[in-house]
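Here the chain labels run A, B, C, D, E and F in written order, and each chain numbers its own residues starting at 1.
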Amino acid sequence: MSTVPVLSDDALQPQVKAVFDDIRATRRTDRINNFWRALAAADAQLLQSTWTEVKQVMGEPGALDPLVRELIYVAVSVANGCSYCVHSHTAAARARGMSEAQYAELLAIVGLAAKTNHLATALQVPVDAAFDAQAR
Amino acid sequence: MSTVPVLSDDALQPQVKAVFDDIRATRRTDRINNFWRALAAADAQLLQSTWTEVKQVMGEPGALDPLVRELIYVAVSVANGCSYCVHSHTAAARARGMSEAQYAELLAIVGLAAKTNHLATALQVPVDAAFDAQAR
Amino acid sequence: MSTVPVLSDDALQPQVKAVFDDIRATRRTDRINNFWRALAAADAQLLQSTWTEVKQVMGEPGALDPLVRELIYVAVSVANGCSYCVHSHTAAARARGMSEAQYAELLAIVGLAAKTNHLATALQVPVDAAFDAQAR
Amino acid sequence: MSTVPVLSDDALQPQVKAVFDDIRATRRTDRINNFWRALAAADAQLLQSTWTEVKQVMGEPGALDPLVRELIYVAVSVANGCSYCVHSHTAAARARGMSEAQYAELLAIVGLAAKTNHLATALQVPVDAAFDAQAR
Amino acid sequence: MSTVPVLSDDALQPQVKAVFDDIRATRRTDRINNFWRALAAADAQLLQSTWTEVKQVMGEPGALDPLVRELIYVAVSVANGCSYCVHSHTAAARARGMSEAQYAELLAIVGLAAKTNHLATALQVPVDAAFDAQAR
Amino acid sequence: MSTVPVLSDDALQPQVKAVFDDIRATRRTDRINNFWRALAAADAQLLQSTWTEVKQVMGEPGALDPLVRELIYVAVSVANGCSYCVHSHTAAARARGMSEAQYAELLAIVGLAAKTNHLATALQVPVDAAFDAQAR
């Protein structure tokens, strides 16, 4: 159940169709995830700007490996409690070659970080002066 | 201001001293972060088990590069809103060689993930059947 | 699946029945949402105090338009990751006249705010002195 | 203390200077908030794309009043626990005319939404069929 | 730095003064925390209703021990990342007799829960049928 | 739908089987929750270390009553928005004797804490000097 209809491929308006075509060409698959179909139902402009940003941040060559980018994306999605995003980006990480050993380490890091995040917040630990970027 | 004193090196109980010695030996630095000093004040046992876990998950050879592990740690800490952890793990990532270009990409991914996390939650997008691990 | 039964209209205790009657009269509908039915199963007193607060904060005349109040409610519910609340308050916003264009803008703002929230937290930006309320 | 230096106006690179000039012209003030100064230090490209998005989403004419947009922004920032963002967008809402009565109502709604968000999550209330957008 | 002034005891309006008097009498201390002083500056009505709720939920005799209530309050405040609340309710728990051993266990539970929360969310574990309250 | 298969009892590897046997013996039930079955599918080592920690923190004699520990666990799970954990630990609290009156109070405290957490964050209330642990 979603707050907007999840659009099928019938009768798409041109701006949405153009984005869907670009997703298919970029990802070399015919499948369009429900996220894009729901976003298209909500607002074609938001669909286009979000896809453009995803394509650029996650797809263009850069300083981080594409798999590493997906691991970071999964980590944020878990911490934000976004069920859909956890599923879609775990699948994306696997599609980019995440091994089961890497997945196990990702889980261990996310779990440990959550634990120490809560401990540091509980203790209200003052930030060490050595971490000051201005002083570097 | 913290909820417990941040212990100095004076008059540490033996279990705490042993952990601090191990942190210094493992990290090849004389400095002990406030997190460990506050945790030591709260509970020596929790200090020891937490350090053991950090040392194992973040330090032992594995399937993920040590820098990648720190990037994931920073990402979780940001999403959990832990100020201390953001500072300490951003510093740790830099100590492990994070370039400014890598940091810029980390920020862009974390920001984008937060945006799409909120959009997917707002739209309550149903999870695609294709993401079902049981069906793989 | 819920942690308590979702009460039907049979055999309600008097305090619960009085609240349900007031919800029906106030909202001019015969339907009682599952939230109130579950809360009623958990505790009649908590049901009554929560409904009283909702009725007063969301329903009484005030400085903010009823639709604006619902938009704010949706925004908080998304950020808190409450699936039920996102559904119920998106529906409430529509019932109060939210247009699809307004919904699209709400989504864009919530997504952007999440992005800059995470960026500001990642960078640990110091608060500008100009924002000091004491100095106004 | 931030993870990057907060740039002063000295010796800015051209891309950053152009964004700062546009912020000043758009907002009709000489002051540039620390958020933009820190983001500039992290990455000029991320600064530019973020400012472009903020300017478009928050500044262009649309279906929601500029003040209403800021109220939504504050609400998300509170729920995400972003201290900097709460300060800067509360100030922005006041600059756009938020009265003290409106602020009091905003606080009451945010507090109430947080309470019912937690209650609905605690009870794991099943979503009512009436909220199904597909069925509208 | 706060978004509203933190009121001193001078020239309080009668509704605020009455609440402050009741806080002093109820808690048997002359000190009024900054939370109440800031809330008073924002809205006298919100101050009064919030204090009434705190007094009733945290102070009246009930099924849970007053110390246990404060431990739960601290736990929620940590998970929500509310720095002020962590400080004030950790102090309140100590004032109600929390021993250092109890505090150490609270920290261990909060840290462990955060870890397993993130693991369960990362794995998207389906809820066991045995947890269904309707079937009890 | 989960990101890994939920393992049945067939053909478990020895390390997993040993943990499952210990869970059954410790909890005196034949049932193994889906959380452990999914974690086992992800990583036997993470399963073992997580179970060891749960058994120690939640099961060994200590300064807090076992039921109180579960109430704290539920509170953290609600605030972190972990649906699975809310279900499993609410059931665990009931198994340890949580009465309906205690559950109602837990809900009231969690809801109230969420409300004041958001109010304190919205107001950015400065921490009172009296809460300083160093000064105790």
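Keep in mind that, in the parts below, contacts are C-beta pairs under 8 Å (C-beta built on N, C-alpha and C of every residue); 3 or more make two chains touch, one makes a residue touch a chain.
Nothing here was measured: the structure is a model prediction, and the numbers come from that model.
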Self-check item: Any chain that touches subunit E and subunit B
Solution: A, C, D, F
Practice problem: Specify the chain most distant from subunit B by Cα centroid. | Solution: C
Self-check item: Of all other chains, the one whose Cα centre sits farthest from subunit E
Solution: A
Quiz item: From the C-alpha centre of subunit C to that of subunit F, how far is it in Å?
Solution: 27
Self-check item: Centre distance in Å when subunit C and subunit D are each reduced to the mean of their C-alpha atoms
Solution: 20
Quiz prompt | Per-residue multi-chain contacts in subunit E, two or more chains | solution = 1-4, 6, 42, 46, 50, 53, 76, 78-83, 86-87, 90, 104, 106-108, 110-119, 121-124, 127, 131
Quiz item: When you draw the chains as points and link the ones that touch, which shape shows up: line, ring, star, complete, or other?
Solution: complete
Exercise. Mind listing the subunit A positions that touch subunit C in their complex?
Key: 1, 3, 42-43, 45-46, 50, 76, 80-82
Practice problem: Would you pull the subunit B residues touching subunit F in the complex into a rising list? | Solution: 1-6, 49, 53, 127, 131-134
Practice problem: Please name which positions on subunit A make contact with subunit E in the complex. | Solution: 74, 78-79, 81, 83, 86-87, 90, 106-107, 110-119, 121-124
Practice problem: Would you mind writing out the residues of subunit D in touch with subunit C in their complex? | Solution: 1-4, 6, 31, 33-35, 38-39, 42, 46, 50, 53-54, 57-58, 62-64, 68-69, 71-73, 75-85, 87-91, 99, 101-102, 104-106, 108-110, 112-128, 130-131
Quiz item: Once bound in the complex, which stretches of subunit F touch subunit C?
Solution: 81, 86-87, 90, 100, 103-104, 107-108, 111, 118
